[in-house]
Amino acid sequence: MEIFVAGKFIKTSTELKVTNPYNGQLVATTFLAGQPELEMAISAAQVARKSMHNLPSFRRYEILMLIRNRLAERREEFGRLLMLESGKPIRYALGEIDRSIQTFTVAAEESKRLPKEYLSLDWTPAGEKKEGLVKYFPVGIVAGIAPFNFPLNLAVHKIAPAIAAGCPIILKPSSVTPLSTLLLAQIISETGLPEGSVSILPMDRTTGNSLVTDPRIALLSFTGSPEVGWKMKAGAGKKKVVLELGGNAGVIVSRSADIGLALSKCLVGAFSYSGQVCIHTQRIYIHQEIFPEFSNRFADLVKGIKTGDPASAETEFSSMIDEANALRVENWVNEALDGGARLVCGGKREGTMYSPTVLTNTNASMNVCSSEVFGPVVTLEQFKDFESAVEQMNNTRFGLQAGVFTNDIQEMNRAFEALEVGGVIINDVPTFRVDHMPYGGIKDSGQGREGVKYAMMDMLEPRILVKGT
Amino acid sequence: MEIFVAGKFIKTSTELKVTNPYNGQLVATTFLAGQPELEMAISAAQVARKSMHNLPSFRRYEILMLIRNRLAERREEFGRLLMLESGKPIRYALGEIDRSIQTFTVAAEESKRLPKEYLSLDWTPAGEKKEGLVKYFPVGIVAGIAPFNFPLNLAVHKIAPAIAAGCPIILKPSSVTPLSTLLLAQIISETGLPEGSVSILPMDRTTGNSLVTDPRIALLSFTGSPEVGWKMKAGAGKKKVVLELGGNAGVIVSRSADIGLALSKCLVGAFSYSGQVCIHTQRIYIHQEIFPEFSNRFADLVKGIKTGDPASAETEFSSMIDEANALRVENWVNEALDGGARLVCGGKREGTMYSPTVLTNTNASMNVCSSEVFGPVVTLEQFKDFESAVEQMNNTRFGLQAGVFTNDIQEMNRAFEALEVGGVIINDVPTFRVDHMPYGGIKDSGQGREGVKYAMMDMLEPRILVKGT
Amino acid sequence: MEIFVAGKFIKTSTELKVTNPYNGQLVATTFLAGQPELEMAISAAQVARKSMHNLPSFRRYEILMLIRNRLAERREEFGRLLMLESGKPIRYALGEIDRSIQTFTVAAEESKRLPKEYLSLDWTPAGEKKEGLVKYFPVGIVAGIAPFNFPLNLAVHKIAPAIAAGCPIILKPSSVTPLSTLLLAQIISETGLPEGSVSILPMDRTTGNSLVTDPRIALLSFTGSPEVGWKMKAGAGKKKVVLELGGNAGVIVSRSADIGLALSKCLVGAFSYSGQVCIHTQRIYIHQEIFPEFSNRFADLVKGIKTGDPASAETEFSSMIDEANALRVENWVNEALDGGARLVCGGKREGTMYSPTVLTNTNASMNVCSSEVFGPVVTLEQFKDFESAVEQMNNTRFGLQAGVFTNDIQEMNRAFEALEVGGVIINDVPTFRVDHMPYGGIKDSGQGREGVKYAMMDMLEPRILVKGT
Amino acid sequence: MEIFVAGKFIKTSTELKVTNPYNGQLVATTFLAGQPELEMAISAAQVARKSMHNLPSFRRYEILMLIRNRLAERREEFGRLLMLESGKPIRYALGEIDRSIQTFTVAAEESKRLPKEYLSLDWTPAGEKKEGLVKYFPVGIVAGIAPFNFPLNLAVHKIAPAIAAGCPIILKPSSVTPLSTLLLAQIISETGLPEGSVSILPMDRTTGNSLVTDPRIALLSFTGSPEVGWKMKAGAGKKKVVLELGGNAGVIVSRSADIGLALSKCLVGAFSYSGQVCIHTQRIYIHQEIFPEFSNRFADLVKGIKTGDPASAETEFSSMIDEANALRVENWVNEALDGGARLVCGGKREGTMYSPTVLTNTNASMNVCSSEVFGPVVTLEQFKDFESAVEQMNNTRFGLQAGVFTNDIQEMNRAFEALEVGGVIINDVPTFRVDHMPYGGIKDSGQGREGVKYAMMDMLEPRILVKGT
C-alpha cells in the first residue's frame, strides 16, 4: 500500500513490511516517509490552511459524512485488515470500525457546532455600548501520532476533529499497524477535501521527531506511552501539546456491588485485546467480605476465555503485538511472583501469546501494579473500607480512568470527589469509553482531552470581536 | 404605610388594616389601589420600558446590589415586620429576609449575564456566509401577584428578575401581608431606577383582575392557589402566563435511608410556618420495615415542637394566617378521621392556631391527601417496594416537588426518571429550595419556572440578527 | 391516499378531494378524520408516551436519519406531489423537500443533545453539599396544526422535533394540501417508531377544534393565521400553546445598500409562491435618494418574472391556492388604489392567478400594508432618514421578521436594537430562513419559537434532581 | 513592608528597596524571598490544596467579595502606593484599582459558576442507560508571575481566579513594583482563607526560576516579555503554562472612520503609562485619503499632552519605569530615524522620561515596528485599500489585539476573519480591555487566555462521572 502525502499516494525508498502478530505472515508492504515526504506534507498543509478554514459548515459536514458512509459500506474489509495487522480478534476489530464510524459521525455534527460566544461587555462603564463576539479559528497544522493498539479509531480521533475544526493534519500511524489508516486515506482522497488537508505517513523515528520540533506545526497530538509523551512536550517549542498517555487503571468492587456484573465487565476490561488498551483494567480492589467469592468466580471465568486465531469469530483472546512485549510482560509477572505475589491463573507465554493472567498478594511497587502493564495481566487485592480502597487506587503516578462497582450513593459521590483520574465509571470498568465523551488523564497519564468536541477545542483558538451595540 | 405607585408613595380612599394573625393586633394601616392607581402604574410603566431596556448592565447590577445591601442592613427591621404581618415565627421570618437578600444578589449577577447566542447558519448553502446573533429583549410590562405565605421573598422572586431583565413590574402583594413588600418599596425608591419601573399595589379583587385582562401587560406571573391560577390563564388574552401553584408534596423514606436524617427533615418540612408553604411536606411514604420505628419517633418529635408567639426566638410553630383557613384544615382532618384515618397526634384548633397534626391510614381520595392542605397536617403511610411508593407519589393531579430518602443508586435514578414533578430532592424534603435553582411544577402545580435566571427567561424574548461573515 | 392513524393507514367515511390550484385537476382523493379517528390517535399516543420517552438517543437518531434518507431518495416524487397539491412552482417545491430533509437531519442530531444542566447549589449554607441535575422530559402529546403554504416542511417542523423530544404527535395538515405529509407518513410507518407516536389526520373544523380543547393534549403547536391562532390560545385550557402566525414583513433599503443585491432578493421575497409565505416581503422602504432608481429597476424585474404552469422547471410564478384568496387580494389592491395608492405594475386577476403587483403611495392603514396580504403584492415607499424607516417598519401590530439592506455598522446595530420583530436580516429579505435558526414572531405574529432545537424546548419540561456531593 | 508567606508576614535577609521612577525617592523597603521562603510557601500550599477544594461556593464568594469590599474602601491608599512604585499618573493608578475591584467582583461571581456539564452517553448502544457528569477540579498549585506595568491588576488576574478555582497560588510580583500587591496581601490575610492559599513573594531570578521547574507546581501563569515567556515554557516540565506576552499592537483607520473618535482613542492607546502596556497602540495604519488630516491633528494632540509628576491629578504622562528602558526606546527611535523614518514629534529623553513620540515613514523591519517597543512611541503609516492594511497589520510575529476604526460592515467582517490576533476591537484601540473578556494573544504573543473565567479554565481540569440512568 502506498502512503498518502498531501492528496497523492506515493512510494518511498524505504519499504515497511507489516505482519500478522498471531502467525507472522506478511499482511502487506507499505513505505516509511522520510524528510522529503514530510516536507511535501507540511508545505501542502500550509497551502491548505486557508481553503480548509474557508470551507462552510455544510461542506465540512458533507465531507465527514461521506467518509463515514464509505467506511460503513466497507466495514468488513476494514475490520479484516485491522485484525490482520494488529492481531486483534475480529469481533473487537469490527467493534473498532463501528467506533470509527461513530467518531466521524460526531465530528460531522460538531463541525456545524464550533463554539461561539456572545458576551455583554458593559459590566463597567469602560465597556458601555460594547459587546463581544468570540469565534474559534483553526490553530494551524496539526501533527497526530497514533499508537498500534487501536490503529484506526485512535487515528480517527485526531483526523476527524482536525477536519471538523478546519486544521490540516499530518498523521503518523504506528509502524506496526499503519494499514487500516492508509486504507482510510483512500476514502479521504475521494471527498474533495483540499489537497494537503490530510497526510498519512508512517515514519522512522528521526522523521517522526520532526513532527515534534518543526515550528510550522501548531499542535502536536500524541497518543502513546507516558515516557515518550512527556519527552515530546519538553521538546515541542512553542507548539501546543496534547498527550493521551496510559496508566494502570483500577477498579473498586464495593460490598454493595452487583458481583455478577462486576465479574463479567472486569473480564472484558482486563483481557480484551490482551490488555493492550490505555484504559486496560489492571488493578481490581475487592471488599474483603466478597473477595473470596469474587476471586474464585473470576478465575473460573478467565479459564473459560476462548483463545486462538484472531480471524475466528469465536476468538476472544489472541496474541500480543510482538514478542518483545510478551517477554516484557512475562518478566514483570515473574518479578512479581519472586516478590511474593501469588499466581491465580495464567502466567504462560508462547511466542507472542501471553496467557490471561491473574495475580494477587501484589504490592504497589511491583511493575505489574505501578507501571503500565499493557498486557493481559490483572491484580486482585482486597480492602477493608471504601476509603482505603480510594487510597490504594490513588497510590500511583497515573490517573486516567477508574471503575467503581457499587450501589451506594455515598460511595459514588465519594469516588467522584476523591479518585484522581480523568474519568470515574460507576458500575463499569475504567475501560469504558464512548467516542463523544471527554476522555483523557491527569497526573502522568496526560494532558488535554479527546472525544471529538474536546479534541477540537485544542485545535481551535478564540478570537474576540469587540463591537458597538 | 403608603402604597408605591410608579415611584411615589400615596394614599388611596380605601384603607387596609393589617393585623397579626397570632393575636389579632393591628400591625399597620395601608391602602388598597383601585383602577386610578393601577392606571397610573401601567402608564408610568409604559414610559419606563425604554429607559429600563437601555440601562447598561453595570447600572442594573448597581441598583440590584444597592437594594441587596440596604436590605441586609435592615434585616432585623424587615424580619420583625414580616413576622408581625404573617404570624411566621421570627426564626423563619429572618430566614426569609436572608433568602430575599440572596435573591437580589443572584439577580444582580444574572443581570450581567442575559442569555446570548452566536450561531453559524451555514449548515446548508442557503445560509452560506451568514451567521446569527440572538439577543434577548424585555417582553414589556410584567404583572406579579404574590401570596401571603412568603410575603417578601415570593414577591422578590418577581421584582428582582424583572429589574434584571429590564421589565417594568406591577406587583400585587397579598392583602393580608403587604407590609414587608411596601417597606422594600422604600429601598427601591432610593435606587435611581426610572419611575414607573416598579409599583407595589395591594388591590381588591376587581382591580387585581385587570392585571389579568389588561392587554398592555405582556406577562402575568402568578404565585398562589391552583384554582385561581388556571382561571387566570384562561382569561389572560395574548399575554404570557407563569403559574407557580401549589401541590401536595410527598416524601419516600426507603429502607436504605438514614432514618434520623429523614425524621428531622420531615419535621421541618411538615410544620414550618404551619405548613403554609407551596412545597409543604404533606405525604410521607415509609418502607414497611421501618414504618413502626419511623412513625413512633416522628410522633415524639412532633410533640416536642415549641409552639407560641411568633415574636419569640424559641418559637418553632405558631398560628395560621386566619381562622377561616384553620377551620378548613380542621374540617379536612375531621373528614379524614370520619373516613377511617387514624390520628397519630395533633388535630386540635384554638382560633387561628391548629396543632401539628399527623395522620395515618388515609387514602388518596381524602382532601388531606388529594388537595393542597396548606396547613400543619402530614400523612404517614407505608409501602412494600419502591415502585409502589413511586406510584402512590404520582397518584395525584399535582406535581411540584418530591423528596426521597435513600442511599441506593438505583432508587435515586428511578425516582428521577419516574416521579412526575418539577424537582426530586434526594435525602431531603420536597420543601427544599434554594433561590437560584429552577423551581416550579408540572401537571396542575403550574407552568414555567422561577429561580431568578429561569424567571428572567420568561420575561425576555429572543431576537435574531442574521448578518454576513 | 389513506390517512395515518397511530401506525395504520385507514379510510374514513368522508372523502377529501385534493385538486391542483393551477388547473383544477384532481390530484388525489384522501379522507377527513372525525372524532373516532382522533380518539384512536389520542389513545394510541397515550400508550406510546412511555415507550417514546424510553427510546435511547441512538434509536431516535436512527429513526430520524432513516426518514431523512428515505426522503432524500424520493425527493423528486415528493417534490412533484407537493407541486401538484399546492400549485407551487416545481423549483420551489423541490427546495421545500430539501429543507425538510435538512429539518430531519437537524432533529436527528438534536435528539442526542437534549438540554441538560448541572448546577452547584451551595451558593448559601442552605445548599451546602448539594448539587442539581436538570434533565428535560417530554411534555406529553403534541397536537400540530400545519398550513397549506409549506405543506411538508412546516409539518416537519413539528413532527421532527416531536420525535426528537420523545413526544407523540397528532398532526393536522391543511385540508387543501395534505398529500405530501401523508406520503411522509408512509416513510414514518417503516421506521419502527412505537405505534401511536405519529398520526397524520386531515380534519374538518369541528374535529380539529378538539385538538385545542382536549385536556389529554399537552401542547398545541399552531402555524397559521393570527386570527385563528389567538383564539386557540384562549380556548386551550391548561395546555401550552405555540403560535407561529404571520405578519406584513418589511424591508429597509438604506442609502449605503448594494442596490443590485437588494433588488434581486426583494424580487424573490415578494413573489415566491405568490407571496403565500408567512415572511413574505410585503413592505419595502427605500431611502429617498435611491428610490427612483430602485423602483424603476424593480418594476422592470417584476415584468420579467416567468409565469405559468408550476410543473415547468422554468416557471417562477404561478397561481394562488384558490380563487377566494385571489379575490381577496384583488379587493385589497383595489381598495388601496381607491385610497390613493399608485399601481406600479400588476394588479390583474385570472381565476386563481393574481399577477405580481407593486404599489406605491400607500399608507399604513390600507389592508395591503396593515394586514397580512399573503399574496403577490408589495409596496414601495421612501424614507428620509434611517430612524423614520425604523418607525414605519414598527408601525404595525405584527412583528415577525425584517430585512435591512445596508453597509453601515450604525444602521445594523440600530436595526437590531429597535426593530420589533423576531428576526432582523441584514442584507437579505425578511423571507430568509434556515431551518435550525430560532424563528418566530412577537406582537401579534405569535409566541414561541420554532427551528428544531427551539421547537423541542417547548415540547420538553425541566425536572431537577437535587443530590448530595 | 514584609512579604507574605503562607499566611504570615515575614522579613528575609535580603532587602529590596522600591523607588519612585519619577523622582528616584525611596517609596518603601521590602524583601526578596529565597529558596527557604519559597519552600515554606510551596509546602503550605500543598497542605492548603484540600481545604481550598472543599470550600463551598458561598465561602469562596464571601472571601472574594470581602477582598473586593476592603479594596474599594481603601481605593485612594492603594492608588497612591501604586502611583509611587510605578510612576504611573494617579488618574491611571486609580483606574487600575477600580479594575482590580472589578476583577475580584467577577471572580466572586464566577466562583459560584464553575463549569459543569451533564451529557447523554447513549449515542451508541455501548452507552445505553449511561450518562455523564463533568465537574472541574482544581489543578493544584499555581505559580503566578506578574509584570511591573499593571502591578496590582495583572497580579489580581491570577490571584482572584486561583481563589475562585480553589487553587493555592504563589505570586511573584515584579521586583520594581511589589508594594501594592503586598498591601493586598494584608487584606487577603484577614479573610479566613486557609493558610498557604496565597503567598506573595518578590524573588530574585534564581528563586523565581524554581517556580518554572518545581514539579509540585501544576500551572505556571506568566505575564511578561515574549523572550522570557517562551523560554519558561520549554523548561516547565510536565506543568501547564499560560503565557500572556506582549506585542506591537496595530490600528487601522479606515476611510469610513469617525476621525475624531479615532484620534482621541489613539492618543490614549499610544501614550497612557508611557506605552508600557502589553496592548499599547504601537502602529497606526491610516487610509491615504485621510492620512494628512489624521497625522496633523494627531501631532497637535500629542503636543498638548500634560506631562509631569504622576502624583498630580492633571498629569497624563510621566516617566518610564527606569532609565534602562528609556535608553532602549531612545536607541530604537534613533535607529529608525537613521533608517529613514521621519520624526513627527517627540523623540527626547531626560532621565527616565521619554517624550511622547510619533514616527512615520518607518518600515516593518525596524525595532519600533517589529519588536515590542513598550514605550511612548507610535508609528503612523498610510494604506491604499483595506486589504493591504490587513496585510501590514499581520506582517509581524505577534498577535495580541488589533483596533479598527470603520463604519463599514464589510470591513468589520473582514477584520474579524483576517486579523491574526486574540482580539479585534472595532472603533477603539487594541488597548481596550475589560476584565471579564477573554484576553490573550496568538503567534508569539502568548498562549491561553485570561479574563477571570478564562483564567479559571486553565486552573481546572475536567473529571467525568459515568453513571447509570
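Descriptive notes on the structure:
The first chain written gets the first letter, and so on, giving A, B, C and D; residue counts start at 1 in each chain.
One rule holds for everything that comes next: a residue touches a chain if its C-beta (ideal position, glycine included) is under 8 Å from a C-beta of that chain, and two chains touch if they have at least 3 such contacts.
Remember, predicted model here, so these are calculated numbers, not experimental data.
Simply put, of A-B and A-C, more C-beta pairs touch at A-B.
A centroid comparison over C-alpha atoms places B as the chain most distant from chain A. Separating the CA-averaged centres of chain A and chain D is a span of 37 Å. Centre-to-centre separation between chain A and chain B, using Cα means, comes to 50 Å. One inter-chain figure worth recording: chain A and chain C are separated by 45 Å, centre to centre, where each centre is the mean of the chain's CA atoms. Touching of two or more other chains is recorded for residues 117, 119, 123-124, 133-135, 409-410, 412, 416, 426-427, 467-468 of chain C. On the side of chain B, the complex with chain C involves touching residues 98-99, 102, 106, 117, 119, 121, 123-124, 126-127, 130, 132-135, 230, 233-234, 237-238, 240, 412, 415-416, 421-428, 432, 434-439, 442, 444, 447, 449, 461-468. If you check the complex, the residues on chain D that touch chain C are 56-58, 61, 112-114, 116-120, 122-125, 128-129, 131, 133-135, 406-410, 412, 426-427.
Listing the residues of chain A that touch chain C in their complex gives 109, 409-410, 413, 417, 467-469.
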